[in-house]
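Everything on this sheet refers to the single structure shown next.
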Amino acid sequence: MNAEFLIPLLAAAVQSGTPILFATLGEMFTEKAGVLNLGVEGMMMVGALAAFTTSLATGSPWTGLVAGGLAAAALGCLHGLACLTFQGNQVVSGLALTILGTGLANYLGTPYIGQTAPGFMALPVPGLSQIPVLGRVLFSQDALVYLSFALPGLFWLFWQRTRWGMACTAAGEHPAAAEAAGLNPVALRWAAIAAGGFLVGLGGAYLSLAYTHLWTNGMSSGRGWIAVALVIFAFWRPGRAVFGAYLFGGVMAFQLRLQASGTNLPSSLLLMLPYALTVGVLLFSAMRGQGGSSDAPEALGINVEPRE
Amino acid sequence: MAERIKRTPPPKGDPVVRLEGITKRFGKVVANEDITLDIFAGRIKALLGENGAGKSTLMSILSGRYPPDAGRIAVDGRPAHFTSTSGAIEAGIGMVYQHFMLVRSMTVAENVMLGQEGGIWTSPRRMRDHVAELAERYGLHVDPAAKVSQLSMGERQRVEILKLLHRDSKVLILDEPTTVLTPRETGQLFEALWAMADAGKSIVFISHKLEEVLAVADEVAILRRGRIVDEMDQNEIGSKEDLATRMIGRALLLAVDRTRAPMGETVLEIDNLSGHGLEDIGLRVRQGEVVAVVGVAGNGQKALVETVTGLLPPQSGDVTLLGRPWREFYARPDWKETLSYVPEDRMGLAACPELDLTENVLLTTRAGFVRGPWLERAKAADVTRGLARRHHVTPQEPAALARQLSGGNLQKLVLAREFYRKPRIIVAEQPTQGLDVAATEEVWHRLLNARTKAGVLLVTGDVTEALQLADTIAVMFRGRIMDVFDAADQSKVKAIGRLMAGLPADPGG
Amino acid sequence: MPFWKAVKREEPLRWGSFFIFLAAMGLSLAISCALLAVQGRPPLAALSILWNGAFGQWYAVEDTLLKAVPIFLCSLGVAVAFRMQVWNIGAEGQFALGAVGATWAVLAMPGLPAWLMLPLMGLCAAAAGGLWAVIPAWLRTRLKVNEIITTLMLNYIGILFLDWLVYGPWKDPSSFGFPMTREFPPAAVVGAIPGSRLHWGLAVCLAAAVAMHLFLNRTRMGYEIKACGQGRNPARYARMPYNFLVLFVMGLCGALAGLAGFLETSAVTGRLQPSIMVGYGYTAIVVAWLARLKPGAIAWASVLLAALRVGVENLQLDLQVPAAFGGIMEGLILLTVLAGQFFRNYRFKTRRTDAAPAKEAES
């Protein structure tokens, strides 16, 4: 394993990890406000398709990106409707969303298989991209990767230093306290679902507009679920989410390269890597701190009962 | 208990808040009926009534939590409609709830400033400074940078009050504020309340504790069954008995006829129990005896109860139940003629709200309805119906869900179930919390009757309850037993307040 | 929404479930038809194809019942797990492992007579599926690892494992590169009920349904499962063997899903091949929720969703509708049913914002 193999691998890890990072931060946003959204996989698919078709229709990948975010947010709002308005079980509703979203994306996307849409191209940062190693890994990527660099910081800023971040935290830890303080926890949760969903959609859009410029059925291949696991692994903080996302990005990139290099290892076993790693990552989090669940927002997954 | 300061409250003037004709129903229950009440600036009004009289409901309406079904609210003479708590807060009315509405993972400063107006950005340092200054002004000592999870109950209550003061609340409503305080903290609270009243704020103080009302209030309003039955100023208030009579319409009979039962063998013995926050606990309960462990909530009672009831293995020391060591006793416990536990948390622990009555009865008695792998549900349903009838539980239908029962009925069902098991040891935790006087009396009678076959370990924060029921009293503070004494020993009884606060019984040293 | 408010009912609505279900189905069908129309396909014709494809003739009904078998068994297991609030999403992977287990029995001991072979296959399938489920259960009880994600990951891993076996060590040399094992000897095939294409797996379903009903409603363990599902705290108070029950329930669920895998492999395809993985495990979750976790209702809900699958297959053939359409319908049904169940426990009420005289007291 030499530099000529390692550096492109690391660069690919960043690329492969970026959609996971978007999705993880999006789900984390929703969960910190107290809503468990297991529909991430479906939302990523819908976002990917919406972004693809919009970019194809308008010729602008940026429009496609926004469309992807909005589509996923809209799907997320169905989850909001089922749970926040109709007091539905959050686990089951999320699953329904995944089934629905995946079905929708595969159904509506069938005519688009094989087509290419205008996407995001590599955009080396002048100057920074000349740095040995780091330049190629971090600063010769596309615009969305650079956007994702800013995300964790913005995330932290929102949750730790703004009034609305504090309000959403209260909605996720103790909705009754939020209510007593004059806030509306249900409205805050709606906003978190929409905002988090938008981010998840951006992750999906990345898959069809930057990682590839294609649409295929089953585009996300479990990344959405990996994102849900990574939120737990990250103890609901953005810093570790970055590490986790790039770790998985690296594993997926590694696995692709290994397959392409004509190894003897059967592809089925190689493909298992990310999923086995997810279990490993959860095990690790569990052994570190009481299942990692002690850091979870106290009211996560618990609906706010309507008052008399 | 703070001595009553000869404080002259300001004259009444125009009411800051006027409630007129307020009515509120929950399903079939009329919680408030046609209530009219005035609140004046700079005065402390006590709202007195037994559990279920409608005090909390009325104040929840005033604080914007629920809308009234009928009636009007006027603030400073102008009509006000509150659609949410924030509306009430804006109008200057705020409430300190019995169950604190604090986010445990956030700091004191963050909790106080939660939901406040003022720009997008927050600065933790500015928040801390502001809260520190506020705390200083009213003498409510608490560290603004501390996480709420690290605070004591008294400190958490101060945070709740600071929240209201921060919003310039004109009217502060406190719902049973002293339940979680030691006597010393209660005194500190009363002084803070007087300071706030002197600053012109109106205080409404909900309570069912007559001594406190006598100590702190400028005026009293008494609720019974959803209506205001009496209103008096400070100089019109008579004695405790007088208040009690007005409160329930008859003399407060809460003196159960307690004769000593013949004591039998020791059923529960605890020696040098330590660990899990407990320090060298020693207790003995005999058949026919009621031993009350008295203390403010959060001083180790939970660990003690969990150890005795088998949920937590003792770390060091010996616990002997019915003559057998803990490990042996709980290795294969029988379902009957052993230990019965009546927990404080009725609906979350002792019973499941979404299961029906039969299934709830089966929770601890299922082993008695088993034949091989089969469960004799029909027989269990019959037994349930019988129990419900004998113990006056409504509704009596075994298929009714537990959440349809009121607090009193649920407690009666839980007791019925546990007594069906013919226990030799009964551990009862705050058994009458949240119950009205009639239910309380019933529960007390049942517990006393159970003494003939069992020893009772009563864990409570209500000193009155302990004095009514117990033969022996043990006072608990910070995981230690401060003292164990006979309930008839008057000198020791007088010192209970000091012991509960961790002070030596004799002020002399 | 200041004018409507959700209000909890005193007693849950008992008779409304059927109407809720009808409304949910109606809404789902309507939205699905709209989607079809969006892509230029005639919605009413599609509905007719759906119906006929599933129930039109005896042939179609047989198809439906055949598909209902694996869905039913998986769903039975999933429902028990859900009763305890153990969220087993892994029925799909457990189904795969069951198929693998049964195949292993055939490949290891090909000469056995049917009366030995078939029960052995069933046993191996149940054990394999059960084991695949117990792993995440153990992780949950010992390490508090979230079982939703672990069971899901094991789905992916289980399917890939099956893929590896049929592409690799178990591949039939005479199959010209197609991923499948050798054909099973007749002794290893669950036979057809004479006079139809239905197989004896239906009898297994019936037996399982009766056994499950008795287990859940008449045994002590069934009661304990229900009580534990209410929460850890009351379970601890009542001294219920909570952790043991989690493992047991998951093992049971995995065993049932494994049995379904065995039946699919043995009776329907006659060999192990990846085409048996069509998502029955996920459909099972929809069925379980639709049926509110009761074995009786699970039976007809399985038939319903099996009918949907068969109907969608016909739509594929006749109108070139992509297979993913079935997923859309399933997702919509689950969402609408979930939302509809709201009305069992709550109702909406208009809120008067002025302080008008109170409405008359409810009698």
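Note that the chains take the letters A, B and C in the order they are written out, and that residue 1 is the start of every chain.
Definition applied: a contact is a pair of C-beta atoms (placed from the backbone, for glycine too) under 8 Å apart; a residue touches a chain by one contact, two chains touch by 3 or more.
Bear in mind that the values here come from a model prediction, so they are computed numbers and not experimental data.
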Per Cα centroids, the chain farthest from subunit A: B
Of A-C and B-C, pair with higher C-beta contact tally: A-C
Separation of mean Cα positions, subunit B and subunit A [Å, integer]: 45
CA centroid of subunit B to CA centroid of subunit C, Å: 47
Rounded Å distance between subunit A and subunit C, as computed from the means of their C-alpha atoms: 28
Residues of subunit A whose C-beta touches two or more other chains: 308
Complex contacts: residues of subunit B adjacent to subunit A: 26, 65-66, 84-86, 89-90, 95, 97, 100-106, 110-111, 113-116, 118-123, 163
Residue ranges of subunit B in contact with subunit C within the complex: 23, 25, 27-28, 30, 67-72, 81, 83, 310-311, 333, 341, 343, 345, 348-352, 354-355, 359, 362-364, 366, 370, 373-375, 377, 401, 404
Residue ranges of subunit A touching subunit C (in the complex, touch as defined): 38, 42, 78, 81-82, 85-89, 91-93, 95-108, 110, 217, 222, 225, 228-229, 232, 266, 268-269, 271-272, 275-276, 278-279, 282-283, 286-287, 290-291, 293, 305-306, 308
Partner subunit A, residues of subunit C touching it in the complex: 5-8, 35, 39, 87, 89, 139, 143-146, 148-150, 152-154, 156-157, 160-161, 163-164, 167-168, 282, 285-286, 289, 321-332, 334-335, 338-342, 345-346
Sites on subunit C touched by subunit B in the complex: 2, 10-12, 217-224, 226-227, 230-231, 233-234, 236-239, 351, 353-359, 361-362
